[in-house]
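First subunit A sits with subunit B, and in the next complex the same chain sits with subunit C.
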Partner chain A sequence: MSAREHALKYWYPVAMVNELASGQTRETVLLETPLQLEATADGNLNASAHKQSLSVQNAFDHWWVTLSDNPYPLFKVPEAAETDRRFVPCGVVRVLCSPLRAVENFLDIAHFPFVHTDVLGAEPHTEVYKYDVKIDDTHDEVIASNIRFYQPQAAKSAEGGIETQYIYRVPAPMVAVLYKTCPQREDAMDVIALFVQPVDEETCDVWPWMALYDDTSSMADLIQFQQFIFLQDRTILENQLPRKLPIDPGLEIPTRADLTSVSYRRWLKKRGAYYGALEGR
Partner chain B sequence: MSFTLYNYVLSGNCYKVRLMASLLKVSYEAVSVDFHPGKAHKQEPLLKLNPAGTLPVLVTADHEILTETQAMLVWLAQQYDVDNTWWPAHNQPQITGIMQWLAFASRLSATVGELRLHTMLNKPLDAAPTRAGAIKALRELESHLTEQRIHGHPWLAGSSPTIADIACFPYTALSPDANIEHDNYPAIRSWLHAVRCLDGFITMPGIFELHTLRNPAGADASPLSDTVA
Partner chain C sequence: MTSHPVGLSGNLAPRQVMRATINQFDIAVWRSESGIISAWDNRCPHRGMRLSHGFVRGESLACAYHGWHYNCEGFCHYIPAHPELTPPKTVRPVIYSVIERHGLIWINPTAEARAHELPDNLIPLRTLTFECDENTALHAMSSTAQHAGESFEPGDTLSESPRIITVNTPAIANGIIIAFHQCAPHNVIAHVLVQNTLSSAAQIDVSRWLESVRRHAEANVSEYL
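Coming up: the complex of A and B.
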């Protein structure tokens, strides 16, 4: 099976729900295939490729599309059912990098003080403390847990620096979900996800989404906080070479802090998820 | 508060005003506008403030409304620059140069700025002519800055930093966001470095802090220290 054939079996986000007005159309590209999108009068989305109608579903405030007749089921985010959360789709950002690199960067903690200076990290608090990574057998996901990091402004709702706890999930090759300490509620964690639409192996449209407990910030403030962070990452992502994610050991040298990335790459390799990956050393 | 800024965190034009205010050490109230994905700048109540539907919008304490970014820089300098160096009204030759580059800054917004929105946020655009226009503008800027350096000045107009530098800085610095790297523009790179060395400089996504600013390792941090003056 080719890398692209494997990638075809997943669902991908192509638009935010409510983004297109009734009758409005838009063209986009998924896995090198041009798509036509049209919002219908009853609030649904029609998606087609080469004049063939595609399966569409509504989840996490986005429209998800698959090019397969027999796709894997869409992953779950149980917190999406917690109606007292604020659900924040943040809008698309185009990045010239492998879709896998976009996910991998999202899983990395070590860059916080240097790329997200004074927000998600600050010198001299640069140490990545020991954390755990496993492959969850039930759902076949990468899970990284017991992560803690000092953050000057962990969220829009944070006042002053806190030590933030993180859990990361990779439920599909081009999706990453993180859970982090909620500054306003001790008993819950905020959810931030990155949904990646692969345009081709070196181009992606990224749809960040959040499910937060925050009663004070305006929607515009929440969106801009997330966009501010992600656009700092975009500059880094577009300068990473090679553009595709090396999936075999040897080309890039990981350290202990990169354990999540190492596990992610192994997990991709095991499932044959090579779209956007660079094989060999 | 001295003024209210209707702001979008990723906008180079909004950053211009934030940067100028920071250099002048003026505090203000910022109101976030959902430019992307919400397009709130094209809807009420923002359209009431600015029928052109652009950002930023600056409202003064006297309820005057400014909608043109370059005019905001002039206003800020006139109000808050006690030394009259950013807008040296008494220095006619320098003012002439400043006016030239303030107007030029609009060309950068219309080319680099639009191409950046297209490349980054998928804004529909006929990219090829916009890219050609962006490169033409950057070459003009490069040529002028080269001449300035021959005369020993790192700045756009005259021998000191002015609002002209701040007007042209953001979209020049952000051109890599639109896939136009700085490799071909050595004079621009030196000038960007000089602006980033200014006391009170602030960053935005795509424009990073000089690491040496935070932890100067005894090096001469003057804007020209890394180049031949």
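Coming up: the complex of A and C.
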């Protein structure tokens, strides 16, 4: 099976549910395939490729599309059913990099003091303490846990620096879900996810989505905070060479802090998820 | 490969980093606080980030992504995520040969860098980037002079690759030396050196004349491509 054939079997975000008015149309590209989208009067979305109608579903405030007749099921985020959370689709950012590089950067904490200086990290608090990574057998997901990191402003709702706890899930090759300490509630974690739409192997549209406990910040401020953070990441992502993700050891040198990244690359390789990956060294 | 003049020494101050390209080679050039210049493959060995986006601290270049610190020999000596760790000697970008002479930075990505010999009585004036190729830029020099009703005398070709020429514009200055560096098919930079006896006013005139040449060269791109 080719890299693209493997990638075809997943669901991908192509629009936010609330952004298309009835009758509105849009064109986009998924896995090098031009798509036509049209919002219908009854609140659904028609999606087609080469005049063939595609399967569509509404989840996490986004429209998800697959090009396969027999796709893997869409991953679950149980917190999406918790109605007291604020659900925040953050819009889309085009990034000139492999969709896999976008996911891997989201899984990385060691860059916080340098890329998100004085927000998600700050010197001299640069050390990445030992954490755990495993492959969850039930759902075949990468899970990284017991991550803690000092953050000057962990979220829009944070007042001053806190040591933040992180848990990451990678439920599909182009999706990462983060659970992090909620500054306003000790008994719950905020959810921040990155949904990546692969345009081609070196171009992606990234749709960040959040499910937060925050009763005070305005929607615009929450979105602005996330976009501010992600645009800092984009500068990195568009300057990594090569643009594809090196999936075999040798071309790049990881350390202990990169355990999530190393596991993610191995997991991609094991499933044959090579779309956006560079093989060999 | 021959050595290429990628920039003026005076434009790379201590603690600064610049990016240079020579054919397929993407290069980070930086100067330490004490003045040591280095030229490396523009890729952090950790996660491939362009090192030209990095920042200089003292005698080290730090990567913009995770702050890995590299000393002037290219060896990584500090990984902020693991402050206690001594990084292995293998964590090192590819190092290129670089020298400075005649106020220019010369790099050779495949062999030892050598400067083309030029007269000693020169001072570097400035660098201009042209959005065109070398030949279009050269052609624009004579046409710009004609347009302004000035005389223009192409002088000697001191080197073919990289192309280094002398030009005379009798109304302004004689013995101007221009060293070209073609970065990409339609992107050439021109380093301008003038006689060290040239007055400040004449130096400004040379600079303005070359800006005028650039306007003509870029306006004429479609004509010569």
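What to note about this one:
The definition used in the following text is that the second predicted complex is superposed on the first by the 281 of 281 C-alpha atoms of A that agree within 3 Å, B and C clash if a C-alpha of one lies under 4 Å from a C-alpha of the other, contacts with A are read in each partner's own complex, and residues count from 1 in each chain.
Heads up, the rule we're going with is that a residue touches a chain if its C-beta (ideal position, glycine included) is under 8 Å from a C-beta of that chain, and two chains touch if they have at least 3 such contacts.
Note that the structure is a prediction, hence the values are computed from the model and not measured.
Once the two complexes are overlaid on the shared chain, A:232 sits against subunit B while remaining clear of subunit C. Applying the stated contact rule after C-alpha superposition, one finds that A:33 touches neither subunit B nor subunit C.
When the two complexes are overlaid on their common chain A, residue A:218 makes contact with subunit B while staying clear of subunit C. By the document's definition of touching, neither partner reaches A:184: not subunit B, not subunit C.
Of the two partner chains placed by superposition, A:48 touches none, neither subunit B nor subunit C.
In the overlay built on the shared chain, the residue A:240 is in contact with subunit C alone; subunit B does not reach it. By the touch criterion stated above, A:123 is placed in contact with subunit B and with subunit C alike.
In the superposed model, A:257 makes contact with subunit C only, not with subunit B.
Look at A:90: by the touch rule set out above, it reaches subunit B but stays clear of subunit C. With the contact threshold set out at the top, residues 123, 235 of subunit A are in contact with subunit B in one structure and with subunit C in the other.
Contact residues of subunit C toward subunit A in the complex are 26, 42-43, 45-50, 53, 62-67, 79-83, 85, 90-91. Interface of subunit A with subunit B (complex): residues 16, 19, 89-94, 96, 117, 123, 205, 218-221, 223-224, 227-228, 231-232, 234-235, 238. Those residues of subunit A that touch subunit C in the shared complex are 110-111, 113-115, 123, 126-128, 235-236, 239-242, 246, 251-257. Here subunit B touches subunit A in the complex through residues 8-10, 32-34, 36-38, 40, 119-122, 176-177, 179, 205-206, 208-209, 214-215, going by the rule given at the top.
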